[in-house]
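Next come two complexes built around chain A: one with chain B, the other with chain C.
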Partner chain A sequence: MSRSTEAPLAERAIAADAREGMGARAGEPRNYVGIVRAIVLVVLAAVALTTPGFLSQPSILSLLTTISFIGCVAVGMTLITISGNIMSFALGALVGATAMIFVLAVNWGGFAFGLIAALAFAGLSNALQGFLIGWLRANPIIVSIAALALIYGVAEAFAAHGTIYAAAGTSYGGFKGRIAGIPVEFAVFLCVAALGQFILSLTTFGRNLFLIGSSFRAAEAVGVRTWRAITGAYLWAGLFTAPAGIMLAIRYDAASMNYGMGYEYDAIAAVLVGGTIIKGGEGSVLRTLAGALIIGVIQVVLVLQGLRTEWQYLIAGLVVLGVIALQTSGTRD
Partner chain B sequence: MDILTVEGLSKSFGGVRALRDVSLSLRAGEIRAICGENGAGKSTLVKLLMGIFTPDAGSIAIDGVRQTMRGPQYAQALGLGLVAQELSLAPRLSVLDNIWLGSADVPVFHRRRDLRRRAHNALETLGAGDWDLDTPVSALSIGQQQLVEIARLLARNARLLILDEPTATLTDNEISRIIDVLKTLKARGHAILYISHRLGEVFDLCDTVTVLRNGEHVATRQVRDLTRDQLIELMLGRPFGDMYPASAAGPDAGQALVVETLNVDGIVQDLSLVAPRGKIICIAGQIGSGANVVTRALAGLVPGASGRVSIDGKPLQLGSAPRCVERNVLFLSEDRAAEGIFHQRSVLENLLAGSFNAHTRFGILDWLQLRRVGARLAQRVAVDQRRLGAAAGKLSGGNQQKLLFGRAIERPQPGVLLMNEPTRGIDVGARADIYRIMRELCSLGYVLIMTSSDLEEVVGIADIVVTMYRGRTVARYERQSIAMARILADITHPVRAAA
Partner chain C sequence: MRPLFILAACIVGLALIDPQDVLTLATAASSLETFATIGLVALGLGLTMMIREFDLSVVGMYSMAGCIAVVMGGTHAWLGLACALAAGLAGGLAQGWLIMRLRLGSVGVTLGGLLVFAGVAYVVTENRALPYENMQVALGLSAPIGGIFSTRSLVAIAIFAAAALVIGLTRYGRDIIAIGSDRRGAMTAGVNVNVLVIGIFGFSGFCAALSGALLSYSLASASPAGLSDVIVPAAAAAILGGVSLAGGTGRPLGIAMGVLSLAVLRAGFNAVGAPPYVNGVAMGAILLIVAILDGPYLARRLHWLVRRRAH
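Up next is the complex of A and B:
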């Protein structure tokens, strides 16, 4: 087409777009979602700041560590959610199992070997689930529930006593304690989050995850190798989850399947509260970071207020339900 | 008195005006055609009448009494009946069950004698009094099933029948039977709203015609006062010839794409096709002809497809969309919402989907370059560059479709673009843009293959037409020999079917 025909075409389209845009802005449905979000944040901040002891050093440190464990799992979960596979129920069990593999491997071959073994186990076992989901188009929820049962079954049969202890005098090469005043766990979590955001924003693989989550069939039609991308998403989810298990094992010099209990739930809460969309195709690690912070603050406040664990579950449940309600009302066409 | 009086009916969806201030009225014994382009507002009008949508403004009166259509059941009780575009029968249930399915008159057990009698009477009116009411509907032909749909309305005492493209999937014999049936109903005093793209039927059957364009009422005329070209001009809002850009000049530029013995189990049989660069090839066929499966198969999206395909002499392996895309074979689906657009993603990402890898440095995406290329693509397909960051789902259907074309326009090498119904559900202005983009792709040396169920479009845009009937090619026409009548004959009941 010659340039002379391009100009009027473009002008006409722009005029049409302007009309369209004006119409679309007339009844914007998302506004009140933003308002609700702002109110919730203000209330949460007010409650937190008026809770005695919230701004003390031990409380802040405990907040940062809590966020770090949940956060690593949540970053992994973010990739799964964005890719349109909702969530994985198996990530909590993966934390415990990775911790056990780590302790066993460290006892056998030292710290570095332990790290490699733990990352390899978490990455590959999760990638296998991703392969089933991506290649066979298996339902992601069912696969993750099956994986959950499988991991628990094997781990419980393997570790008859429930808890595995690190050999006396094991050294973790500086991965215990604090660096420059902040807990090591938090530093590791920030690295995980940065890597996660990098992958999502700046690699073809990451962008393809958004496309697949937004429309699987459209992604196939433009030639995205969907099964590879989905397998990759689960692989990275495993690699991002592994540090949570490793850091728990280092912290307690031991490992048990109890370590990751309920983490998948806190993680999905963090993902959703952050604003990643449950049906996929939209979201970011930065949002998850904010979500993890909110979930962490809620948990610390509940502990400081002296509420029992049941209450913590109840509140977390309400938060997730609330977020889902807001998301659906905001995105319905 | 008029059975139906509609005044000032308006309806918007999220800022898009689907129907604007439409008024019309209909007498008993009148058959009214509703004509208009895709997206003119025909379906919206029907859904407002049947109470499926609630109007934003305007009124609907039945027998002069203003009514608020609360839902399909309510509309039925007032004597309205709809035969929707897709058949809505339960195939495993009997004719009788289907006729009464969902009716408010039916008690829990409905083998009651008067229900059988009323069903029988309805069928008898349609000239099908000899049918066994207990036959499962799946044993009937599509045309017979269409009659069951109509009988369903008559049994419920519908006085105003609304038929939305009732003949789209029928053979010629079945169509003429339906037309006879509708004429009988007219003689008995029923009013009929007849929605069809087939202008021949409008002139055969209808008394009056209402033309809608872009959601607005354009004209209501006596059919006998109109010529076919005048009707088309009313629908398009411009002379017929203006719509389509001039076709590619010059001789056939070789055989870029060669397809031999393409087979898709039960759908496409031994199809062969030779396509040059720079020409638009239309595969014309009715629903079920397999035309839209041919394009899918060539795009690698049909797992069971087999056949020898080569581009410039190099074989192309079927069954893998990524491999086809690597060879610059791209697909544009008829189902834009589910298989084309990434609704939540930005215009920019939609334009570049599938080719991010071409814009990386050491594996890292170069967003500055992506922006630049995206802006250029948007300009080339006439989408506002200022909307690169907007979610593609917020764009109109026409703009969304242009984004899909944008994906094709800057491939590393001019490739093959396979399009199913490329202008479905798109307003007239965007249609003209799309035809121009298609011609631009031609001049760049692409092979363009499209399917369309809109014969006007086929005749208007195609350089080569291949007709298909039940999975086989019937004939191939080059520019001068393309004629609507021959295409229509080929795709409905071919005489010269290639065995």
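Up next is the complex of A and C:
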């Protein structure tokens, strides 16, 4: 699961160099970080398991459903982060826009047409951003902020009332409910995560993303067509984000731009909590899966412990900050 | 020069659409109100970008400060403002300290900060929108001064002027550019990098808190969920103002021009009666064009395209 064996020598040399430059401290920081991290996880697991009701079926099912929406976005975000492009601010807006396209297309041409239209829209609009970022080396943060403003603006122009409703009697062919006891949402999320991990670890494209993320110049020097890989990373990020929008639309029989609001922050939190490095070049979808689960478990535990909503927000924020502080320690440029 | 050019292009473009409605004192006043709302956030965020960091937490700080000010400032507005500013400064300094002491990336730390500050906003308001009863303060902050200014916009202008003077006339300005261009080189040259970086994050927190608190006072309400879309215009303004995410470039005056460009666009579109989404689309389009023009490979790709056509 760890990709550190594949981190190129150059990256390690730079990291070691930076440590010296910043005033080296005794010992390898990662060692004790690893210990603290293990303790935190054990404590979290202990608190969760001793919380009354945590192991009950409704609680587990709601946990699995909740993390699925943000999880899909986070899998897409993982590809962007690993490829060295930090994060995309537009994925939350993309969730809402995809949900809208899906509902419109289903109303017009049926369920299958809706799926195709939603996936095509999410993939292509994200790939276009990836093309600008990869081909022109345009700044990923600026491009995604511009895309965010454009998506919200265009959506507002087309849906002045804010919410689009599915036509009465729309059938989603078994996409509501459960498959073999687990929520459909979670099954979809698992498929997305499996596909993401497959792409990252078993394809040349995935290897190229790690190479580009850890050293763009090295990737160019060995002849990787960096613009194709980066465009591909954004294309897949869009395709992985689309199911979140589609599933939200199916769940509520409606779509609005409010659906994905703030998902980009939750998704990057899951990515970072899982331990994918913000600088790029190191990480995995499995880590993101773990990160999404950790955040989800914390939220469920807080609910079950009877804390009021506002305290849940604060404690979840503090835990994310703490986990980020622990996991990225000693890895700054 | 580019920030000034963009500002001029925005004004001329809007004036060509409808000079009678656009070139009025009301448009100027409305622009300055927008300037007061996003200007200081853009200044703080822009300074962190100049040292090659990125302060995501301004969004959370903005709404947290508004909530703290309204909760604490019910009877004494100054007390609420002081609490909000203290929280902003402390939050910013704490993040800067974490970044430097633990050598963490600023996006990660300030993302954590964003979630924590938003959480504090939910806790102090107990998860509801709060009205601010002190209407005198609310009206006083937005009351026009000299035709187009208000207390809020004068405060923002004063802080921009102070920042421009400090950065333009003291060695801090050069040190900031040096840190953004080459951090290790700056350290070797004797710049106190730790203090400056922590200080800039403190300043960014302070600025976000100040404009969040003043906005909540003038709207006479605070809500933990609202106000959250400030990062898009703030980042856009900083970038239009000549700040680069690669660090090492930018000036407070440039950021002010960037903010004014967006503010003029918003006020101008309102004045000509354009629907609200036009502003968002225009902002996104301008930002996208700037991103494309700034792409380091643009010249190389154009050259390649031209050569291919010649064959």
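Going forward, the second predicted complex is superposed on the first by the 284 of 333 C-alpha atoms of A that agree within 3 Å, B and C clash if a C-alpha of one lies under 4 Å from a C-alpha of the other, contacts with A are read in each partner's own complex, and residues count from 1 in each chain.
Simple rule for what comes next: a residue touches a chain if its C-beta (ideal position, glycine included) is under 8 Å from a C-beta of that chain, and two chains touch if they have at least 3 such contacts.
For clarity, every value in this text was computed on a predicted model and none was experimentally measured.
Engineer: Would you check which partner chain A:203 touches, where first means chain B only, second means chain C only, and both and neither mean what they say?
Structural biologist: It touches chain B, and chain C stays clear.
Engineer: For A:152, using the defined touch cut-off, is the partner it touches chain B, chain C, both, or neither? Pick first, second, both or neither.
Structural biologist: In the superposition, A:152 touches chain C alone.
Engineer: Considering only the touch criterion stated at the top, classify A:308 as touching first (chain B), second (chain C), both, or neither.
Structural biologist: Only chain C; A:308 stays clear of chain B.
Engineer: Touching A:87, do we find chain B (first), chain C (second), both, or neither?
Structural biologist: In the superposition, A:87 contacts chain C only.
Engineer: Per the contact definition in the header, classify A:138: touching chain B only (first), chain C only (second), both, or neither.
Structural biologist: After superposing on A, A:138 lies in contact with chain C but is clear of chain B.
Engineer: Go through the superposed model and pick first if A:108 touches only chain B, second if only chain C, both, or neither.
Structural biologist: After superposing on A, A:108 lies clear of both chain B and chain C.
Engineer: Looking at the overlay, does A:324 come into contact with chain B only (first), chain C only (second), both, or neither?
Structural biologist: After superposing on A, A:324 lies in contact with chain C but is clear of chain B.
Engineer: On chain A, what residues does chain B touch that chain C touches as well?
Structural biologist: 21-22
Engineer: What part of chain A is in contact with chain C in the complex they form?
Structural biologist: Going by the criterion above, the answer is residues 21-22, 86-87, 89, 132, 135-139, 141-143, 145-154, 156-157, 262, 265, 268-269, 272, 278-279, 308-311, 313-318, 320-322, 324-325, 328-330, 332.
Engineer: Would you pull the chain A residues touching chain B in the complex into a rising list?
Structural biologist: These residues of chain A touch chain B: 1, 5-6, 9-10, 12-14, 16-18, 20-27, 201-204, 207-208, 210-211, 214-215, 217-225, 277, 281-282, 333.
Engineer: Given the complex with chain A, which residues does chain B contribute to the contact?
Structural biologist: Per the stated touch rule, the residues are 12, 14-17, 299, 301, 321-322, 324-326, 330-331, 333, 338-345, 349, 353-354, 356-357, 360, 363-365, 367, 379-380, 382-384, 387, 393-396, 398-399, 402, 407, 429-430, 433, 436-437, 439-440, 443.
Engineer: Within their complex, state which residues of chain C touch chain A.
Structural biologist: 54, 98, 102-105, 107-109, 111-120, 122-123, 125-127, 184, 187, 224, 228, 231-232, 235-236, 239, 245-246, 275-285, 287-288, 290-292, 294-298, 301
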